[in-house]
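First the structure, which I've put down as structure tokens, then a few questions once you've had a look.
In order of appearance the chains are A, B and C, and numbering begins at 1 in each one.
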Amino acid sequence: MQNNLTLVLGGAASGKSAWAEGFIENQGLPMLYLATSQAFDAEMKAKIAMHLARRGRGWTTREIPLDLADALAELHAGQAVLVDCATMWLSNQMLAERDLAAATDQLISAASTCRAALCIVSNEVGQGIVPDNQMARQFREAQGRLNIRLAAAATKVVQVVAGLPIALKGSL
Amino acid sequence: MQNNLTLVLGGAASGKSAWAEGFIENQGLPMLYLATSQAFDAEMKAKIAMHLARRGRGWTTREIPLDLADALAELHAGQAVLVDCATMWLSNQMLAERDLAAATDQLISAASTCRAALCIVSNEVGQGIVPDNQMARQFREAQGRLNIRLAAAATKVVQVVAGLPIALKGSL
Amino acid sequence: MQNNLTLVLGGAASGKSAWAEGFIENQGLPMLYLATSQAFDAEMKAKIAMHLARRGRGWTTREIPLDLADALAELHAGQAVLVDCATMWLSNQMLAERDLAAATDQLISAASTCRAALCIVSNEVGQGIVPDNQMARQFREAQGRLNIRLAAAATKVVQVVAGLPIALKGSL
């Protein structure tokens, strides 16, 4: 069975979340938002509040910082689901000292077999100078490998630059 | 009235300025260069000198580090104008502790109603690892939001990678 | 005589090396891998081992950390050659305190006249926040200029994002 996975890539503040929200809103299905962020500090709280205000009515929101594969397995056809974002999920896995390879395998498997219309947002983090600290280098390697695997599993991949979408796989 | 705004995006040393200069030179109009850089140190002085030498004859140059909206309001049809760049302008606003939201609103309004053939160069800064310091994080958020608004206002958006242009909106 | 240079650009862990390897493997020619990395530490040793395992049989590997122009001059038609990567080569030049401008001129000249089917992998490093330290800023300027010159010399330029190729010059 063909899955129904769309991957939306972009840099920080590139408009990727807003584009992905519009994409889900156009599915004409009940909408579920799986939020991976945790409101540890004021900066993150403000960002979460801004995203929440923008989404407006019609969305159900669940916070899933870590166990995303389990949440995806419970979804059913006839739902449109936005995961925002794989980058924060990956960061949460590292902070919780989970096994990244195993967690990534589970996520890819769950995303590939998900019954809902699924859209996953993820960050481009590898186009700057090599970071000084080793954890940041490990993170960008892990993020890059995760994006490659999500892109391979997806039927549609869209890169968002300054709010404008570019189709990397499939059509817009 | 349809505006005539072209946004040229790219990373550091991507060839975006050279591409934008060629674009303006092809308009067949008197050329004005609005420089937002300030020569605070030797590194910036060298960069300004390099850009100045490359532009050669036929350009009039004005330094507008801060009050770009006012300068755009004074332009008239029959001029081809290059703003290089919105990133330095935004950085100058932050250093001068201007109200970023108000300054951005004014710039977008002025760019949208500008009578000249206008080209604005801006940087992609959001595709690296999350910066350690908060001011850098705020800057990349503000830069991303500014790029989204400039791209929405523009009739043509071009991304330059290794000197090669990609049309994100409109045609080359 | 038309050269036969392909430039493959991408961020860290973008899948650019894997794409370039597949490209060379599809040439149907004896394959040579010119490795520019030096195994200074465990992190780099692990990366080199991963790349080596992935390439598998059929490749001859030579380590050329610095004198890449000389190595390219010795190649002949009927070989398919992958240089991975120009970024590490540039970094090696800086660490060895070579004259970057002269070394770049020599590399561009050798790549432009190379008789083999040549593919050079290089990094995008200019799409993050301005680095704090001056050497990193110099490096990203030098890398950007090198990519522009390689792209100008190439007959085909491909950007890889999340393992997916985008043709920037020529066709895939």
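One rule holds for everything that comes next: contacts are C-beta pairs under 8 Å (C-beta built on N, C-alpha and C of every residue); 3 or more make two chains touch, one makes a residue touch a chain.
Being a predicted model, the structure only gives us computed values, none of them experimental.
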If you connect every pair of chains that touch, what shape comes out? Choose line, ring, star, complete or other.
complete
Shared interface numbers for chain A and chain B above half of all numbers used, same, or below, different?
different
If you average the CA atoms of chain A and of chain B, how far apart do the two points sit, in angstrom?
31
By the touch definition above, chain B meets two or more other chains at residues 11, 124-129, 140, 166
Taking the touch rule as given, give the residues of chain A at its contact with chain C in the complex, in rising order.
7, 9, 11, 124-130, 134, 137, 140-145, 147-148, 150-152, 157, 159, 166, 168-169
Chain C contacts chain A in the complex at 10-15, 43, 124-129, 131, 136, 139-140, 161-164, 166
